[in-house]
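In the two complexes that follow, chain A is the common piece, with chain B as its partner first and chain C second.
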Partner chain A sequence: MKRPYYLFSSGRLKRQHNTLALEKTSGERLPDDSPEDEGVPSSLPDGGRTQFPIESVDSLFLFGEIDINSKLITFLGQQGVPAFFFDYYGNYSATLYPRENLLSGRLRIQQAHHYLSPKRRLTLAKAFVEAALFNIERVIKYYQPRLEGDAQQETQATLQALVRDRGALPLTTDIFTLMAVEGRIRDRYYKLWPHFLGKEVASKFPMNKRERRPPSNELNALISFGNSLCYSTVVRQIYRTALDPTIAFLHEPGDRRFSLSLDIAEIFKPLLVDRAIFRLLKTGEINSKHFEKHLGGCYLSDAGRKIFVQHWDERLSKTVHHRALDKKVSYERLIRLECYKLIRHLSDPAGNTYQGLHMWW
Partner chain B sequence: MISKSLRIGGMLIGYYRLCPRKAWWSLRGIAMEQESDAVALGRLLDESSYARSDKHLEIEAEAPDGTPLVGKIDRANLKHGVLHETKKGRSCEDAHRWQLRFYLWLLYRNGVTRADGVPFSGQLDYPLLRRTEAVFLEAEHYLELEKNVAAISSLAIQEIPPPVLTQRSFCAKCSFEELCFG
Partner chain C sequence: MPYYIAVYDVNQKRVGRMLKLFRRYLTWIQNSVFEGELTHSQFKSLETEADQLMKDSDGVIFYQLRDERYVDRISLGEEKGERSRFL
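Entry: the complex of A and B
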């Protein structure tokens, strides 16, 4: 059974006898954006070494300072293992995406066709926003019964706005408006977070609004980190299908290199990222000591990232019963199924119209 | 345009006999078998069994309508005139028979027979079950194979996929199940 590997240590990752080895360094990692940086490793290997069998590696998440060479890149390419790199602050920085091995020319043409035709593109873009809003609604409804007084009223008002906007989506005629609707609902949804988190947690972690690059406070740091995990998890699922990760519908191709991943991630953020944040803060697993301030931004510390990633990995393997398949599927597999639904739509838009995942549990 | 470059192989015939939709995905270059443990096991079985035979012969032929045909034969006993096809289990037995008949047909179309003029025969091998089954190409099969080839050729230029099978139980073991129903 292949699984993602999350490496927090720094060191040299290498191919060794047809498998992977990490020669660890023990010194402290230095920020990788200092102007006088010479590009040499922050510290040297100290003899510690971990090996892991390539057959069990689905993908690599590299949070430490990692040295690699082209032998390793070739090896990972042969084995079809994508690697995701994160910078000193835990921001997603790059993907090493092995050469595509599941290409389908006809499907790629269909995908481009659905992007180029404004009507077809809008249909798909709407489906992504519709499902994202639906899942936000599910999260809100989960917390709503426990709220009282003003919090209850405010939540009710947001829900009404959400349902109204979601209902009006079919009338939307352009992508820009679609993005604006989603942004507006998300802003109102973030304002409810203090209610969901409860007074005690909310007093420690205020949420005003979403601010990125750099994240302005703890909650923004968690959202940014969670979103980048979600993005790379989707990339890794798209890689296992014949879809072209660069052609998106809601986002512009070029917003990021793998913009299709941004489209699909919208649907999964509420159930994967947002709920993970609530859980980690409410249980106190992540608290004030897990954050660091750098250059006017707030970031999760190394220890905080480890806690988040561990919970993330557990969350991805949670299962729900899938009615059409009549079997249990993991949250992560749901992302793959979303890719398949998209392939069905691209192949037969009238007979297999895409509808984004609606949480049914 | 596609039909010109189309070469129909034995696996495609097997797919088509099982489920036209599966054949359509395959014609589109959409593969799902890379995920399947059963297929990985099958490949390993092919590599590890019958080490002493002539393995992996490739034959080409043309259908009566001119469609290029290609067969990748697991192994053959040329002296006795037997083509072998190794399979893991019997769940798609009918498709297996047709795959093998297709290979025999390729030889027939090329006018290849045993040294004594007797046509080749086929044998399905199930090493895990320790069973074999003889397969023969009869005159009535020619027309059926011809029809299948023609149907696959038109499937290749069909814009949308054929519907899913009405009998869902067939799909439970198929590596395309999630693509069709997920």
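Entry: the complex of A and C
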């Protein structure tokens, strides 16, 4: 089976003998937006060469400063291997997306059609928010019985508020209100995080407010990094279907980004990203020394990123029993099944109304 | 997913070509020794390609294990190859 490779080292990635080779460097890396950056490699490859088999590569995640050339791009294109680039601070910055090989004009027209009709678009957008809400509730309900006293009551109150939000969903008539409802849901949910993390962890990692660009504290840094991983994983799954990643329903299909992956990621963030964060912080696998402050923001250090990514990789291959298919399905596979469900809806909305994944375990 | 350990002993004239072929599919461990996961079809194409390269008294052996979980790896001395996906 092909699996993702995660490159944390800096150096040059090249095509060698029809397979991949990474020539590592040992030099210090400059921030990507540093004015001293002249676009040339920070140091020469001197740290040895690692070759790895192209046949085993599903996708590449490049966290280091990696040099590539057009030969490599052609090669990755032929092999259908996408490469996801992350900047110095660990933010998702770009995808090297191989030429589309699974094209379906019919589906693309359906997708655009569903975007252009406000009614149809709203139906899909609501389905995404609804599923995200359901999974958020699921995470809350998982932690609720373990809480005590005030925390227990506060959680109860939030759950009731979320029920009201759920009631507000069918009444929304446009995307803006829907986005507002979604924002409200997340706000309420993030307020509960200190309880989920427990007193000890919460005192070290306060959750004040969700802030991005730059993330203001450790938890925000973790959420941002986790979400970047989630987007790229969804992009990879969309690529394996005929869906057009740029036409989205909940998010505006902007230029220069794969908006559809943002839509689908909404559903998976609570179950993949958030639970990964709780786990890593509660076990102490990630602690204060894994964060760095730069330019008024807080970021995961290289070591911290590596821990997160390793955990992420394991998590994606975890399986649950799928009732309808009656077999075990990995979390990563669930993302693909979500794409297939979307395709069915787009082809025949009356017969196969899309309903986002509801965690059943 | 089947896990393979592959070893070959081929004439020096073809050893380079064999190395390049195997590197595409499996992870290099030591001289003429490779290991890694392959799907059935990947294994078949590796087998075919290796077979086409071979001549005279060349030999290739694949040890197939049902899953990587069944591998107990005991290694002495320096590990020459990099087997991780986290580089």
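Quick note on the criterion: the second predicted complex is superposed on the first by the 358 of 361 C-alpha atoms of A that agree within 3 Å, B and C clash if a C-alpha of one lies under 4 Å from a C-alpha of the other, contacts with A are read in each partner's own complex, and residues count from 1 in each chain.
Assume a residue touches a chain if its C-beta (ideal position, glycine included) is under 8 Å from a C-beta of that chain, and two chains touch if they have at least 3 such contacts.
Here the structure is a predicted model, which means the values were calculated and not measured.
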Determine, under the contact definition given at the top, whether A:22 touches first (chain B), second (chain C), both, or neither.
-> second
Answer with first, second, both or neither: which of chain B and chain C does A:348 touch in the superposed model?
-> first
So, A:309: does it touch chain B (first), chain C (second), both, or neither?
-> second
Figure out whether A:324 sits in contact with chain B (first) or chain C (second), or with both, or with neither.
-> first
Looking at the overlay, does A:117 come into contact with chain B only (first), chain C only (second), both, or neither?
-> neither
With the two complexes superposed on chain A, say which partner A:56 touches: chain B (first), chain C (second), both, or neither.
-> second
Between chain B (first) and chain C (second), which, if any, makes contact with A:160: first, second, both or neither?
-> neither
Contacts from chain C onto chain A in the complex sit at residues 1, 20, 23-28, 36-39, 42, 82, 85-87
Which of the residues in chain B end up touching chain A in this complex?
-> 28-31, 34-35, 160-161, 177-182
Within their complex, state which residues of chain A touch chain C.
-> 1, 3-9, 17-19, 22, 24, 50-56, 306, 309-310, 313
Where on chain A is chain B touching in the complex?
-> 101-107, 240, 242, 322, 324-325, 329, 336-337, 340-341, 343-344, 347-348, 350-351
